[in-house]
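You will see chain A twice below: alongside chain B first, and alongside chain C after that.
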Partner chain A sequence: MPGRMSDPSDSLVPFSPDVRDPVVYSLHHDLKAPISRLSISWSKGNCLRVSFFGKKSSNSSAEGSGNSNDQIGGKVVEVKLSSEDGEIDEAQKRRIAYGSVSPFALLQSRKNSMSLLSKMSMGSSTYHVEWWEHVMEYSKDINLLLGSPKPLPSPVIEDPKTVLKAMEKPTCLKAAWELMEIFYADKQSQAWLPESLVDWLADYDNLLSETGTTVYSKLVDLQKELVTLQAVEDNPKYWEGISSALAVGWLEIVVKLLRLHGSYQLDQLGNRETENGLVEAVAVLISKMPRIRTELAVGRLGECYKTKPDFVKAWEKWRGQITKLECSAFWVQCDHRQTREGLKNVLQIMLGNTNSLNTVTSHWIELYISHFLYVRPFTMGLESMYSLAQKCMQLKPTSSTHRLMGLLLGILGENTEVVLAECSRSFGPWMVAHAVELLTAGSKQAEILLHEERYNLGGISIEELHRLVYAQILSSHALTWQIAPIYLTSCTKQGMGLLEILLYKQPIQHNHLLLKSLEICRLYELDSISSNIMKIAGIHHWKHGKKGSGIFWLQQAQDEVRLNRIAQQLFDFVGKSISDESFKQWEGLIELLGSEARTVGGLEFLHKYRDFKKSLQQVQDGHITDAARQAVESLILLMKNPSTPQRFWLPLLHDSRTGPGIEAEKRGSLVKLLNWSEHPLLNISQTNLLLNKLQELSMAKLHPDFIEADLPPHALNSVRLALATNLGRAFLEE
Partner chain B sequence: MEKPLVMLDKGTNCSSWNYCGQRLATGLLDGTLVIFDSLEPDSSTFTCTSRTKAHGASITKVIWVPPEYGDAVACICADGTLLLWEEVEEGPQLLKWKLCKLFESNATQVLDVQFGISLTSLKMVVAYSDGHVKVYELLDPLLLNKWQLQAEFQNVIDSVAMCGKASCLSASISWNPQISESHHSSFVLGFNSDLPQFNSSKVWEFDEAHQRWLPVAELALPGDKGDQVYAVAWAPNIGRPYEVIAVATCKGIALWHLGLNADTEGRLSVEKVALLSGHEGEVWQMEWDMSGMTLATTGSDGVVRLWQSNLNGVWHEQAALVSTS
Partner chain C sequence: MAMVAEGVGTLQIHRISQPKYIDALRWLSPLSAFERFAVLALHDSDSDVSSIEIQALNRSNPSNLHLQSSWASPARISTLRVSQIPQKPLVAASTYMGSLHFLFTDPVDASLESELSLAEKSFHAGPISGIDLQGTGSECVSVGEDGRVNLVTIGDSKLNYRRVFDSHGLVSYTAAKWASPAEFATGGLGFSLQYWDQRKPGGAVSQFKGNWGRGNMSEIVHSIDIHPSRKHILLAGGSSGTVFAWDLRWQKQPVLLSGIVPGETVVSPSESEVWEVQFDCYMQSATIGNISSGQILPVMMCSEDGILAVIKQGEQPMEILAEPCAINSFDIDKQNPSDLLCSLEWESIVILSRQ
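== the complex of A and B ==
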């Protein structure tokens, strides 16, 4: 049998036999009495409803206690099973959910047309080039949703003492998305991964401050003190800040800080000329730092080199200048000890002294980045990046792994499973469902892994599984369920199945929800679920007294079985109560049915039946011959009309034989249309028509589907006899 | 994490949500049927809209009739009767819950009832305390009082080997939730009785050609066939090439894969893929989520447990909800 439960060969996540312990939540029911029983029920999406029933208290005299809580015998609570990280509130989550729909849908439709094109033997190389661009566009769109373009920790003009720009705290979700984008989607950054990480850390170092000291947190502290300090250069924190910021490549901050040095002040310039010259020389060297990358944003310092040889040349020249400055004789003339030592340390960092780097950085990733910048600018390939990361982690061990670091290590370790698991565990279903697009674009291997259909998952791929899980979460909320279909329809195997269940569970008694559901059905051609929904709506309205809308929806559903039953009920009713006051109500309903063009279930004929009944009524009331003629006309019309269901033929004929008042008290005034005393009302051809119908009916009786009318057993024969008599009289008459 | 929805009356014994989670029916020890409604879609405010004395004996279980047949519930009462109550119009703008059918109990009691919809009709399976199963069919889709007994059988594979009269404490029925033209109606049924051969869960399928119910699979390993079954739950199948059914017995919760295609003898292949333990004592109820990927269970330990399969198909307890006052 295929798919044994734990075949190690298709083991996906390195699975340890000791399954992680279940998460234990506590549910508060606030009931005084002990609980006698629980009951559970799934609500929308992944909401679970739990009913608690209290034990019946032994003392039945609780009535007198007056405590209202005593009257509560139980409680129902709803539990939402999403992991709350609290970083992003619910409204923002929904905004992201809504915003990501159109980039996702666009990418899917592009994917579909791409696969069509590639089937038509397109050159695969052009296909790839274009595909990266699409994925990148998608990634940028999503990225934009996760937060506005963030101000860098870069100098601002307004306040010379503000080195760190105040900014809104970015979210880990955005940081994680950008990490994925750098490594999987942005093919242009592939050659400059270290520099991309430098930029990434500049944006998100403050997120790591939650768990410990970082360069960012040091600078925040320094910033607070800067305002009050007079001679900044005397304070060791000033020099620490400069070194740390330099180590992680925040050159603009470093240069700005350097220029806050007291030797720049006009009154000081005269006697601290050498000192100021050294500070400025270092600042200039820093701003000329060669970077191996295509470009730098406006206002960023450093000089870009796109090719390795150019960079190496510039790098060596730059290092030469630093060495030269280090050996310069001016240092002796610099009287200010802190400046001398601070600047020397800065030069050591620029020269890539690993001890200095280790001292001035806090988190391992900061040390890691400083290595890229000053020690190994040519680090290429994930393997060497990964081993460097491990080295840095050994040098700066952390007690707990930050979720962003877990993700980064998974990426560097080139382990798709771990990346996916980290995404899912730390950032939730939205992240996984959307980041899979980046992962699959990242490598062929990942694509195979994520698209492979697995028996264990019920024949779907991991990609589809995560979309289904995400769609189910969307289904949990009234404001997001409508976008779940977008994700479900991108699931080729099981999406439609889940969509049908989702639609079936919408409360149809609310008209706007009913119409919304039907619209979705129409969009995705879900005819059977659509007719089922209309059927539920029809029955609901019918049983709740809204007969007209009940019939309307049943007609829309083309539910012949139910409409036939309704037709029967109406027929019986019209037959019985023609003189009844309540007939008015029914008459309106029948009117409605007759005017409906697409009638199903033989309701249309009721319209004509009413006319027939009215004429019969008049016959009874004494307008004898004219009314009788009219009744016969109506009868013939009814019998000729193909929309009159066969099962009503006999009751109709039987009616016309006996008249409407079958009840005992009316028996005296029985109108015998068929045996009209003055002269036969039906001519030969009319009588023949009815006889033929009768014959057809006798034949139909042999058919297994025949529905027997609720009439006395001799009805058929008595009608036949009446017709035969009439035929004889008609012959004589003509 | 949890949000209170409804405060229940004193003496509430059982509850059941309707198909869309907008109505809650509860049954009381004094035989009262109480209905709570949310008047706005997706509002979490529920108000009591009906309080009806349904029966003299206490209501032990409430089950909603599928919405295609109106707003109605079946109530199983402690004296073994089965009642069908329906909400219908009574005069303009007035809705009322009315008794539409009463199935009297004689010597035997009704233990469980579940409704299954096929394309053409509504079927009702009733399990009795003597181990008998009756399948009723609704004759008129508009009238919930016209039922026809379609079949009566016992929950045994080999009817020849039947012996004696069983005395059953509880029974659990779960219909295959899938409705489609290609599928025959089927349900799974297990008993908690003193006669071992009645207990094991069997899958019954309707044979349209011969108009009879046939056992097509037995969900128990040879050594476990006599195990008393507490609850069964058939998972929704949104496209798996096999069905998944959960069976709770005294040994734990077993998860079974059921093949979709019958062999030459008409049997479906079965495979037990997991045995989950966690609940101490009896399992009261098992519910699958809409995708059939998460199983929620509750039992006499008062804990709600959630079970999921990991990517390798290994089932494990994902979360436990422990109730505290």
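== the complex of A and C ==
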């Protein structure tokens, strides 16, 4: 990571100096002790590769004898380090990573165009209004990825006694995201924060059941008993369930439970009329509870009031009705004690009796929510919400803090660093990298804090740091590395450097993967990296015997230096092994080199050589004069061309005469060309050129570095003789 | 215009996440009228295990896949082919290790019956990059980056192969496709195509080298298709959004259907690698009469930049899907050409139905 190692005290990176208990893994390597060397390196993803090297056997002659176990010199063991978060498996995590790419990229591009607009001095007020809408859209998209509560397959005929719908358990990650959304992104819900929290708890109270009793867990227990109970109202659990559900505002469940009361049964209605009237009156009052919010989903109970004065009016009236009912004379006529007491308790909850609320709720957040609903519906501002939370926690202390509660307290405490640290500690790098967008949208202060470049982070901002951390995690996995560039390119300081490293690290053996890397280079206009990668690939293929692929990639990279080096090696190969049969194999390679004037380095030679060979072939096949003329043309071109290496001159001139094949006379040979019966094919100047080259060659032979061609000793002389004869004939002709 | 209207019709899309990377996929159409099957070549990155799974698709609810049979592969699968004869459903898969595997399945329920493998060192050195099953399913051509072209004869209980050509790595091949029982085509680097005839041994009978001179853009053929009714036209898809057809009768002039080429006015649906091309036989019966024998039949392609599109010569390309990630392969159901299957880079498959 960029930046220096910092003192934990001034570190902004969530980093805990107190080391937790080390995790001990025991590895089996089946090697005989002692182990002489141990090497540990990261493999892909969370895999740690541990290599054990046994002590080198002093008795090397033991080879082949004894059992095979003795000969194992070492062993490599891969250790998969499991992540702490068990609620989401790896495949699901990758799915979330894939899905968040588009919303993230869209938000970044909007941010960029926004900042362009604001630079052009557009009105900044409209900018802010629109901006939180974009953030909200982003937040909703991400939220959708984290799963939507799916009802479990339910029996076709619904049991009338089912009060709790069986739902798939939501994840803490989703719950955490929604908390962030409520407080930072959703500006519309700012005026109704308490009600938003009521809804939030209704969705996620079951997550808190892991650590202790909750209203949800009480209701689950009650649900199980309901099926077997005959007269529910005799059971205190029934009344407890009603009171608890009411306290946290689950009005639908309360009303449904109340209507399971025995007095509703037709055969009892006659003698329990008053009792039933009371139950129904309470149920009606509950379903008419005034709520300070814009709307309620279909099927939800309560009456919405958007403005405070309207709400206050309705609230006073509602409370008045409750008080009236409480003082009613009908209670005396109600014979059923449990009903009477239960309903009275319900009324106390509705009137906001703090003692009652305290008894019927379990977790502090439930108490907290009940206060919003029945005691202080006008709680506004994070400060007062925070102090209320403190009070509730004192009343209902918990032994351990649930990670969602840690996050909530951080949010209420208006401490961006704490929120960030909680996100990172409990929900991992994905959460932090994506939630930063919500935090920065939340307040100007947070934005400044997160965007400020920091010396102790090596000059990058907290936002960039967390994106880089997340990108590193993506980079470490073969399936997610391709999305890391999206995050890296949004990091202005270190992103591009890390992207380059990432691209260089990718495997190049298979064209598919190589092309995927090159595509990323193309998208981000990293031409020099792409050509370097192609060079690496070219050399890899060349080394592994795939000459064609090697040359292809080096050509793509326009790497003249290496192509020329390769050309030298190819010449040796050509000089030694090209028979007419094997030349067929070269055709494709030469075809690949192309005829266009592209960088082919010294390989251009091969192309001309092919033409020469072809013409010679045709001479042999009987397409006489034209082909012979063409062969001579090619030969002259080859000899004139500076890219034709000197050591090739003699083999070329001599080539087909005594070439690697044996039946020399069958082929068209230079000598045959030179001794062409009809008329000489080479004119005086051409012959002179060739003679000069021969002369040069004889001189070069004296040089110590000269490489002798693999030809019979008389080759030079026979070619010289043929040339001389031709010269004579050419003189006569002209 | 009528053709365009047909294309715009409704599209049913089902996305199904797989917890594994999909290396290749194909439709498998058995005799059964009620069920259809998808053959998926999968790679589990966590355990590094490759497999072929045959999944049954419910006709009424295509997003409901259930595993019919599965086979563990010794290495990652590079190409997957399925024979198109319903009586003899045969799956052929080549691996990056250089081995070739044939899975014989039951014609009704697509359960695996037997398997034949070819994993000799002398067969291919390194990855096999392209295979194709002949129409009758009795022969398979395989090509590799090692420059070998092999023909495998599939018997009931054993496999035989013979080497058609070996360039000793001087030329690498990346794709193969049968044209007739005796002829097949291969493709490779530098937009090269080769046409081979088993009756004329010793090398390719025709060769083509695409030369659109575009600087340092890679030029590799990734996929070839040949329409059974026009075996003289080779369709090829490859780098830089390029899709072209090479008509053996007019060898000098390839028809460019898509691609960024200076001086050409072809509209290209994609600018990156075209991973697969197939002739699109959907709705063709009505329009095939209107297409002269010189014109190229409609072509479907998928690309690295997430495009699945149909290209018709001389018309605007028609986008079917635009994904945020690569579409690595697709297959058109030969029995029911309105139905498509695609694999996405992000570990999911898409089942499409054109109506």
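By our rule, the second predicted complex is superposed on the first by the 496 of 734 C-alpha atoms of A that agree within 3 Å, B and C clash if a C-alpha of one lies under 4 Å from a C-alpha of the other, contacts with A are read in each partner's own complex, and residues count from 1 in each chain.
Basically, a contact is a pair of C-beta atoms (placed from the backbone, for glycine too) under 8 Å apart; a residue touches a chain by one contact, two chains touch by 3 or more.
Quantities reported herein were computed from a predicted structural model and do not represent experimental measurements.
Taking the superposition on A as described, I'd like to know which of chain B and chain C A:Phe552 touches: first, second, both or neither.
It touches chain C, and chain B stays clear.
Check the residue A:Pro309 against both partner chains and state whether it touches chain B (first), chain C (second), both, or neither.
After superposing on A, A:Pro309 lies clear of both chain B and chain C.
One more residue to check, A:Ser102. First (chain B), second (chain C), both or neither?
second
Give one of first, second, both or neither to describe whether A:Ala478 is in contact with chain B, with chain C, with both, or with none.
In the superposition, A:Ala478 touches chain B and chain C alike.
Under the stated touch criterion, which partner chain does A:His544 make contact with: chain B (first), chain C (second), both, or neither?
both
Just checking: does A:Gly458 make contact with chain B only, chain C only, both, or neither of them? Give me first, second, both or neither.
first
State whether chain B or chain C is in contact with more residues of chain A in the superposed arrangement.
It is B that touches the greater number of chain A residues.
Which holds for A:Pro713: it touches chain B only (first), chain C only (second), both, or neither?
In the superposition, A:Pro713 touches no partner, neither chain B nor chain C.
Does chain B (first) or chain C (second) touch A:His29, or do both, or does neither?
Once the two structures are laid over each other on A, A:His29 reaches chain B alone.
Counting only touches as set out at the top, which of chain B and chain C does A:Gln569 meet: first, second, both, neither?
first
Both chain B and chain C contact which residues of chain A?
Residues common to the chain A contacts of chain C and of chain B are 44-45, 80, 478, 510, 544-545, listed in rising order.
Under the stated contact criterion, what part of chain B meets chain A in this complex?
Its residues touching chain A are 1-17, 19-22, 24, 26, 28-29, 40-42, 44, 46, 67-71, 86-89, 92-93, 95, 120, 140-142, 236-242, 269, 271, 273-274, 284-285, 287-291, 293-294, 296-298, 302, 304-306, 309-314, 316-325.
What residues of chain C sit close enough to touch chain A in their complex?
Contact set of chain C toward chain A: 17, 19-21, 45-46, 96, 125-127, 129, 145-147, 166-172, 174, 188-190, 192, 194, 202-203, 207, 209, 211, 213, 216-218, 220, 239, 271-273, 304-305, 324-326, 345-347.
Could you please specify the touching residues of chain A with respect to chain C in the complex?
44-45, 80, 89-92, 94-95, 98, 101-102, 477-479, 482, 510-511, 515-516, 518-519, 522, 527, 530-531, 534, 541, 544-549, 552, 556-558, 584-589, 591-592, 594-596, 598
Using the touch definition from the top, list the residues of chain A that touch chain B in their complex.
Its residues touching chain B are 1, 3, 5-7, 10-13, 15, 19-20, 22-32, 35, 37-46, 48-54, 56, 70-81, 84, 454-460, 462, 465, 468-469, 472, 475, 478, 493-494, 496-498, 500-502, 504-510, 513, 532, 535-536, 539-540, 542-545, 561-562, 565-566, 569.
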